[in-house]
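Supplied in structure tokens, the structure appears directly below.
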Amino acid sequence: MYEHDGHQLAQKVADVMYSRDAAAQALNIEVQYVDEGNATLLMRVRDDMLNGLGICHGGMIFALADTAFAYACNSYNFNTIASGCSIDYVAPAHKDDTLVAMAEERTRSGRTGVYDVTVMNQEKKVIALFRGNSYRIKGEVIPNTEEEDAAS
Amino acid sequence: MYEHDGHQLAQKVADVMYSRDAAAQALNIEVQYVDEGNATLLMRVRDDMLNGLGICHGGMIFALADTAFAYACNSYNFNTIASGCSIDYVAPAHKDDTLVAMAEERTRSGRTGVYDVTVMNQEKKVIALFRGNSYRIKGEVIPNTEEEDAAS
Amino acid sequence: MYEHDGHQLAQKVADVMYSRDAAAQALNIEVQYVDEGNATLLMRVRDDMLNGLGICHGGMIFALADTAFAYACNSYNFNTIASGCSIDYVAPAHKDDTLVAMAEERTRSGRTGVYDVTVMNQEKKVIALFRGNSYRIKGEVIPNTEEEDAAS
Amino acid sequence: MYEHDGHQLAQKVADVMYSRDAAAQALNIEVQYVDEGNATLLMRVRDDMLNGLGICHGGMIFALADTAFAYACNSYNFNTIASGCSIDYVAPAHKDDTLVAMAEERTRSGRTGVYDVTVMNQEKKVIALFRGNSYRIKGEVIPNTEEEDAAS
């Protein structure tokens, strides 16, 4: 079944990932959309995400982008980890901003891939640009997919 | 006073930063050592820092490295933010590992600087390499330092 | 005049840059298209661009991408330099491949900008992904533009 | 023999690499020192390495750093290529400067490694910081080493 519906599989994988993802839950990150190689996530900047300067902590912006990257690169249900990533902070994010992180697959071949994540605020202003390098390891996010399929 | 004792100022700045740094406190990050342009921080890998694969979440390793970078680049008491950073994940970190992040200043001139952070586990195995680009903005971490000095 | 025709200015700037750009000329790089914030350049992989493994030297691919970045970020006629860049090599390029480097502006505000360059071969296969950080300095690529305009 | 003398092997590999390295020769790059995982290279900034602003072209600084990285990561005689790299330009280099690029291995495990290259001028001023990710492929730089050994 899954072979014929990558979008549905991506959603199922995202649900399973989110249920295990204490960090994303603690940040109230919302998975708005996932598809093969893509993911769009939302996060509202809370009081406890501000740094001493009163703007959103760069680490929180990174966490959002990194999470979007993870959902995009695992969307095929192959366990995939980050081998590296980089972020450029473009503009500050402020309290109560709703940040949108859009992860897009740029390339994927063999075990490796490159994903770009653009973080914008509610006014479509770019807050940060993130690039992630992915590496596929053994196993699947949802194990025994084939068995389940056979059973259903 | 501070001009003559950069090490002492760096420590004072780190104390103030930590008191405001809810994220670092929540991760039980410990500031072991700070000096001008350098910082060494510790973090123990807890259960709630593991990802679905049972190894330490890359975002947690990033958070530790990023925090070490922040303490190093703010150690001169000038408000300094990240303009960008990159991380290479070298080896996995496991539950109960004690991670050490050592941030070292590579260059600093004008408003910008480059800092390298090496994250190792308790066996001196390299877990991740982080590089941060800093940008000095207006203001001081501990404001009115001179007045306070005059008053003391 | 130029204010009203960014595309024409970008072309004029590219012509002047190319006339001074001994490196681009030596590599037979061809500027196919430029516009505000964008540039598309071509380079054919020659014998003398191969490394010991018989594939195109990574430094040559970088040179092409870096040049496309330069033409894109200088297209507004403000002298602009690279503050940093990164490249991911995705697939090898071979002798006689015609490489296309497309530089696109991701963000630009104040003095800084971020540009993405995609290098593809003649079959649209991605060879490398490059990201450049730009910094605007004093002066113009074509100096005294206004005077010249006034005189013409 | 080689197993017992990594330094000698690194030198032999560097000699072979240089003899094939038309780009390094054209830039008059000099290999000053190589050892296992390390390499120190020199390059004098010539007239034809300057850009339109009269300072050394960033691409030339990259080429020097990238070459140092290549000699360091191939020093074990295993064919090794770059999977990605990044550079931060710290200060300009000028005509007649003698640039020194020191490549140091930060990590190496399995097929991958991370190397840092510091480019300085003759006054030990840092000009650029480069980080390279290496990937070991099939084959050796000096093939049939064992046969040659047996024959000698």
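Every chain is named by a letter (A, B, C and D) in the order it is written, and numbering of its residues begins at 1.
To be clear about the criterion, a residue touches a chain if its C-beta (ideal position, glycine included) is under 8 Å from a C-beta of that chain, and two chains touch if they have at least 3 such contacts.
Remember, it's a predicted structure, so these values are computed and weren't measured experimentally.
Chains that touch both chain C and chain D are the following: A, B. The chain with its Cα centre farthest from the Cα centre of chain D is A.
Chain pair with the larger contact count among B-C and B-D is B-D, by C-beta pairs in contact. If each chain is reduced to the centroid of its CA atoms, chain B and chain C end up 36 Å from each other.
The distance from the centre of chain B to the centre of chain D, each centre being the mean of the chain's C-alpha atoms, comes to 31 Å. Counting only residues that touch two or more partner chains, chain C has 83-84, 86, 88, 133.
Residues of chain A that touch chain B in their complex: 17, 20-23, 48, 51-53, 57-60, 62-63, 66-67, 79, 81-89, 137, 139, 141. Remark: chain D residues 86, 88, 90-91, 106-107, 109, 114, 116, 118, 126, 129, 131, 133 touch chain B in the complex. Within the complex formed with chain B, the residues of chain C that make contact are 83-84, 86, 112, 133.
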